[in-house]
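Encoded as structure tokens, here's the structure I'll be asking about.
Order of writing sets the chain letters: A, B, C, D, E and F. Residues in each chain are counted from 1.
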Amino acid sequence: MYLRIDRLQVELPAAEHPDPRAAQAVQELLGGRFGEMSTLMNYTYQSFNFRGRKELKPFYDLVANIATEELGHIELVAATINSLLSGTTERGESPDYRLAGVAGVGNPHHFLVSGQGALPVNSLGAAWSGDYVFNSGDVVLDMLHNFFLESGARMGKLRVYEMADNPMAACTRSPTRRRWRS
Amino acid sequence: MYLRIDRLQVELPAAEHPDPRAAQAVQELLGGRFGEMSTLMNYTYQSFNFRGRKELKPFYDLVANIATEELGHIELVAATINSLLSGTTERGESPDYRLAGVAGVGNPHHFLVSGQGALPVNSLGAAWSGDYVFNSGDVVLDMLHNFFLESGARMGKLRVYEMADNPMAACTRSPTRRRWRS
Amino acid sequence: MYLRIDRLQVELPAAEHPDPRAAQAVQELLGGRFGEMSTLMNYTYQSFNFRGRKELKPFYDLVANIATEELGHIELVAATINSLLSGTTERGESPDYRLAGVAGVGNPHHFLVSGQGALPVNSLGAAWSGDYVFNSGDVVLDMLHNFFLESGARMGKLRVYEMADNPMAACTRSPTRRRWRS
Amino acid sequence: MYLRIDRLQVELPAAEHPDPRAAQAVQELLGGRFGEMSTLMNYTYQSFNFRGRKELKPFYDLVANIATEELGHIELVAATINSLLSGTTERGESPDYRLAGVAGVGNPHHFLVSGQGALPVNSLGAAWSGDYVFNSGDVVLDMLHNFFLESGARMGKLRVYEMADNPMAACTRSPTRRRWRS
Amino acid sequence: MYLRIDRLQVELPAAEHPDPRAAQAVQELLGGRFGEMSTLMNYTYQSFNFRGRKELKPFYDLVANIATEELGHIELVAATINSLLSGTTERGESPDYRLAGVAGVGNPHHFLVSGQGALPVNSLGAAWSGDYVFNSGDVVLDMLHNFFLESGARMGKLRVYEMADNPMAACTRSPTRRRWRS
Amino acid sequence: MYLRIDRLQVELPAAEHPDPRAAQAVQELLGGRFGEMSTLMNYTYQSFNFRGRKELKPFYDLVANIATEELGHIELVAATINSLLSGTTERGESPDYRLAGVAGVGNPHHFLVSGQGALPVNSLGAAWSGDYVFNSGDVVLDMLHNFFLESGARMGKLRVYEMADNPMAACTRSPTRRRWRS
């Protein structure tokens, strides 16, 4: 059972300027194989399916708690994408050509399918898939997987940071870094 | 930001007998197009991307609150699947043939890939996909979608209820029904 | 522009007995890589995109006409599947356990998702995909593709015929065979 | 059974200038989740699988007739895409670099896989999928779905209209609008 | 550049009896996320893309050599599946009902699409995907991935071994085990 | 069983200049439906599953030998892509903005997921799929398929040649052309 607090885990700076190409890149950190949807759902299913919760209580607690924290991570990355997309197009009196400026720019689904908002897809626009969840039932193997998953997630964050010249996007790196360091 | 309480939303009866075929069917209610993963992620992304939260506060609150309740729904359906799979195979002294009894029965990934636990897949074993999320940015259209989604979810629950002769599986129908009726 | 006549291209015998396993197999002839959805959509897109319609009129006419005939083929195979599924379950007074007899039998989506009707999927339940359409713009290469496609379709029909012990399913072979022979 | 008349449902203006980026966007209206392939196939399968055709004749006729009209819609949208792609590249004496001008522009499959023609894919180049078909067998639920589907299709058409500064692409909005208004 | 020797890496016992259900399970070891197609293609692409081959020669050699050995592994697992499928159906004088005995048994594509031979798919019949390849360009991270991949592969082999009561299938475990132990 | 020789089949000229758009296009020749992954895996599975090797020895030898040669082809196309990507970005002292120059250019996975190396994907970034393998068990039909496959592969190579103004990419056409002509 879950509760939700209507607040982000960290304060995010607003995007300096609208940037649909950066928004496309940051999608990798949300819906990519190593994005926050993957970390969220891996820990979540591992906690749901955990057998022997009493005998292995510290492991169960660890997995269940990280799963919950990851909910805040998809929220943060979605907020980043939304901020980068804000102001990309202008509301005018006439609907004609309102989206002409973004033809061929970034992920076309940000403009044609969603309302210029975050989607559970990667930087190519391909949907996040439940195939990215690994949960063998062998707790040692699951931990090994998680270590690999977090390492891949860190790599993705570093690279998106290097690609986006916008302080907003750079912040997507923070949450995981803190977890790695402290 | 989220908190998690280590308790299910409702009490579930234990499965009367192991039933891998029912577990395969109940997967439709977790990872199918109209399963709880879909309701969860539709409301969640709609709340993340909601613009005009102040002007449309009752709608934002509704969407955000349902999203949070849906987290408890994937937890419930996963618990149902796990209970149905429990005891399907026996732990013996020799690993030989331990899984021989489930060759060709139910979803083979329950036995070969997961540790006899719930997966984010449907009754065919196909992974849940981010393509199932709809969020147009037009709040009327999004509400229409959600009404259709919940109607499809209800249909799925009724049919799984009719297929599974196990009180455990029948309970999967309850949470949504309550929401529909009261 | 198209017209529709509310009649099947050939008369189909009714299924001798309900047979969800045969229905699952016949789906390969509808939504498989070499099924009627593929022949329909290959000829259709080749006709839509045909350049030089005057210079190559006989080829354009051939492709456009076969495309139209294929519409009748998806209709026939769907009718076959529907006949095989008819009567699989019984309507009783109580909905309890109405679908219990088909747990683990055939394609679960025939019972949980569709109303015991044909779906645009193959014998594994995987959806037909637009990736199966080939249209290079080189008419010789497109014709070569079509010859291969029809040969693969013939193979599929022969094998489903050999698998299904039901006169209804056997008829799915007829339409294409006639085209091959006369 | 179907007949085909070698004429478009409405007259289309020619594209003012070649525009591969607009062609890429218009693909969403052909092979996207809410594109004409989806409306066509939803009505088509709903009509194929319709039980109780006598008792519910007005509904059966409605669904079967719309299905037929939708065939003309995929034809119209394909014609639009073909017109937008015409003249994108020049036929020269030497094949060298003939496609150099479209490297990185629009959907690469328009140039590398198809012969600069329409494909059953969306604006990302992802194939149309049979998973987009909904046919529950419950006629009320199917109608609700269709209402949602048409609403999503209308949204897509409006947005592509706003993105493409070409009278040709704007016409893709017409057929459905007429159906909505008159 | 490669050479091929027309011989298996190890001698395989013949299948004791035809077993299409075991063949379906063994497909996980060929085309599953942790199957031999994945180990083959991960090492192969890591070797193709290796930069700094001189400076890191021992690592390059290791990766390139394992890649080559993996070619023999997909050959072995395919041979196992073929042996398990041999004799499943009988060649009679009449083609009628020749495949009737395998309706609803194992992977239907073994009988309807392939010629009762191995396919690059997993135990659900889902195709192997290039998405399973990981190659970050960071050699430490790639090694970590490979360690996880091999651990997942080992788990899969143990479980298929426990499911299949056929000495032939049991042998699929051998090649990797030897590599792990000696 | 296979051996590998650490040498390319032909000598490749180095790319004249880094060209991520050409690298994206050349991916079609590696992981597309008609790319070298497809030719490799079609011949490979056809040779693995070949029954009657003695009676049909010339056919078996032909298929098995081409399969082996195709391994060298994926190696060549991967080397082409790697050469085109080399130097696209610069190694500086600060990681900030190192990838800013390639935001929105080519395939984002070349920069965010792989280490600027070849991937088993097509020009859209979609993964190569085992569904591209055809092996019916009917040797005549398999040969017909292969003839179609090679014709499609030739078309793809010609078009990529016309798109890329880089001598390196042009070479990707050579290996197959030689096989067709001599």
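What we mean here is this: a contact is a pair of C-beta atoms (placed from the backbone, for glycine too) under 8 Å apart; a residue touches a chain by one contact, two chains touch by 3 or more.
What you see is a predicted model; the values in this text were computed from it and never measured.
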Reaching chain F from chain E through chains that touch each other, fewest steps: 1
Recurring contact interface, reference A-B, options A-F, C-E or E-F [over half identical by residue number]: E-F
Chain F against chain A, contact positions shared by both copies (same if over half, else different): different
Euclidean distance of C-alpha centroids - chain B vs chain E, Å: 32
Residues of chain B whose C-beta touches two or more other chains: 33, 113, 124, 126, 131, 136, 138
Each pair of chains that touches, named by its two labels: A-B, A-D, A-E, A-F, B-C, B-D, B-E, C-D, C-E, C-F, D-F, E-F
Residue ranges of chain D in contact with chain F within the complex: 95-100, 102-104, 107-109, 111-113, 124-126
Touching residues (chain side chain F, partner chain C) in the complex: 33, 131, 134, 136, 138, 141, 144-145, 147-148, 151-152, 155
Chain C residues within the chain D interface of the complex: 1-9, 31, 37, 41, 44-45, 48-49, 51, 64-65, 67-68, 71-72, 74-75, 78-79, 82, 113-121, 127-131, 133, 135-138
Residue numbers on chain B that touch chain C, as the complex places them: 21-22, 24-25, 28, 32-33, 105-106, 123-124, 126, 156, 158-165
